[in-house]
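Multiple structures are listed underneath, in structure tokens.
Note that subunit A is present in both complexes that follow, paired respectively with subunit B and with subunit C.
Up next is the complex of A and B:
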């Protein structure tokens, strides 16, 4: 299922991962990065590489532990405000949304009903 | 955040029973956080609906999908391929999300599955209190951080009405009077002089449709 989902967006994922030159410009447009002490894990490029990048590299053959890791990035480190800016035009929110969709397909979701 | 509450099952079934294939669309935004319209709630509602239709020997069947946010067209694009073949859409987003969904798919009937209740705060898991009515004219700076529009049943701007009794509202004795709370809070802060002057009647900007454009972007969107 994950393979199928990723397959539909393969070209876009590949292009996004390939054209990122780690310039860091996206970081300054991310309010979470700016307000969390500029920690690298909040950089949009870092979030993409460690979520979609890993899913792409493993071609969808992922275990629950990795999906939990992706969940953590896609929900806790990004609120999908869509404010991130990439000078190369990488659609960062779309990639994070895709990572969330993959998690959703496996029923790996944030628990809003837990204290 | 926006708070919502699911409509009664009967109301939902009555709206969609004449359609055969229904797509229930959840929203991963505010309604997901307030446990009204996220992926889990979509699954729960679909199970209830399908059992109910089976029980009534109706041919309606519901499928579900959850998008990240229904109030942003960007996240509705993924539905373009999915909605094909469905007779109607059921949305578990807030009123804004439902309307944007209907705008995206004007050829399909769209029904809301939740009632958008308020802009509120989280008191506990599943417990939310209204705090804002998006009136567009915030006065809480002068009222000790207590909103007279959302908290006062009559939305009074210049002190309590005659119905206040022992600090409680006349509409419900469990609800404390907003103006008594405002008085007490300002007294603690020694700012009572701020509610002595008469507040002008408000313009009720929320009575007409508003579009918000932040100041730095005004040049971009306003026509000269």
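Up next is the complex of A and C:
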């Protein structure tokens, strides 16, 4: 299932991951990064590398622990406000949205009722 | 050895570079689709008739820049611009490259070539920019967090032709070895451009000009 989902968007996602030069210029465009002590894990590029990037790196062979990690990034560290700026025009929200879809397909969802 | 690297190998790399670039451009258009044309005429602003550059228009431009990436990281934007322009200008306007082209094919890339002094200065500028990028990768927490060995490899490969070039020009170390390394590193960059992180050279223009977005340079007609 995950393999199928990732396969459908492989060309675009892998290309986006490839052209990201890890410059870190996207950081300030994220309001979560700015308001949560400028922690690197809130930087848009950090989020895509560690969520969708990892999923593609493992070629879809993922365990629950990784999906939980991806869930944390895709929901807690990103609200999909689509305000992120990338000098190369990489569509970061689209990548986070796919990470969310992958998690949802495995019934891994955010626990909104937990404090 | 040198003749082979400069001759057939260089041509093969150039071919891979050109075909690879064409492939990526075609792929870009197949992965994106044309959006509906938006007919939108912005309402006339006050003072629109007077198209001369006034203090207000400059202030408006500066205000726009201040809220963009230029305002956030002016140093990085300036250094990146200088670096990317320099790595294009230096090889094309270099006297030695033009002489080589003249000897081999009887052509010259450009009527004005760089003097020896300006070549050295430009190379020093490029190397200083590279040092800045490396320092940034090491010392800035957020950049360090996403840096991998591959990023350093890309920087190293970019540095190689400039270091070997300047050393060869000034006859430091063995000229023949340096010139072979120089041509080899350029060949490697050429074949890497369409398929590796260097692809940002192609996709910067495609993404920023063709994709319809708030940050696009043009109007953008694809999504």
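One rule holds in what follows: the second predicted complex is superposed on the first by the 113 of 115 C-alpha atoms of A that agree within 3 Å, B and C clash if a C-alpha of one lies under 4 Å from a C-alpha of the other, contacts with A are read in each partner's own complex, and residues count from 1 in each chain.
Everything that follows uses one rule, which is that contacts are C-beta pairs under 8 Å (C-beta built on N, C-alpha and C of every residue); 3 or more make two chains touch, one makes a residue touch a chain.
Source: prediction; values computed, not measured.
S.K.: According to the stated criteria, A:89 is in contact with first (subunit B), second (subunit C), both, or neither; which is it?
M.R.: second
S.K.: Which holds for A:49: it touches subunit B only (first), subunit C only (second), both, or neither?
M.R.: The second partner, subunit C, only.
S.K.: Between subunit B (first) and subunit C (second), which, if any, makes contact with A:23: first, second, both or neither?
M.R.: Touch partner of A:23: subunit C, not subunit B.
S.K.: Touching A:1 in the superposition: subunit B (first), subunit C (second), both, neither?
M.R.: The answer is neither, since A:1 touches no partner chain.
S.K.: Just subunit B (first), just subunit C (second), both, or neither: which does A:38 touch?
M.R.: second
S.K.: Which of the two partners, first being subunit B and second being subunit C, lies in contact with A:15: first, second, both, or neither?
M.R.: Touch status of A:15: second partner only.
S.K.: Between subunit C and subunit B, which one touches more residues of subunit A when both complexes sit on the common chain A?
M.R.: Tallying touched residues of subunit A, the top partner is C.
S.K.: Touch test for A:65: subunit B only (first), subunit C only (second), both, or neither?
M.R.: Neither subunit B nor subunit C is touched by A:65.
S.K.: Going by the contact definition given at the top, which residues of subunit A touch subunit B in one complex and subunit C in the other?
M.R.: On subunit A, the subunit B and subunit C contacts do not overlap at all.
S.K.: How about subunit C: which of its residues touch subunit A in the complex?
M.R.: Within the complex, subunit C contacts subunit A at residues 27, 31, 69, 72-73, 76, 136, 140-148, 151, 154, 196-197, 199-200, 203-204, 207-208, 211, 213, 215-216.
S.K.: Contact residues on subunit A for subunit C in the complex?
M.R.: Against subunit C, subunit A makes touches at 11-12, 15, 18-25, 27-28, 38, 40-41, 43, 45-46, 49, 85-90.
S.K.: In the complex formed with subunit A, which residues of subunit B make contact?
M.R.: 28, 32-35, 38-40, 66, 68-69, 72, 74-75, 78, 125-126
S.K.: Could you pull out which subunit A residues touch subunit B in their complex?
M.R.: Residues of subunit A touching subunit B: 80, 82, 93-94, 97, 100-101, 104, 107, 109, 112-115.
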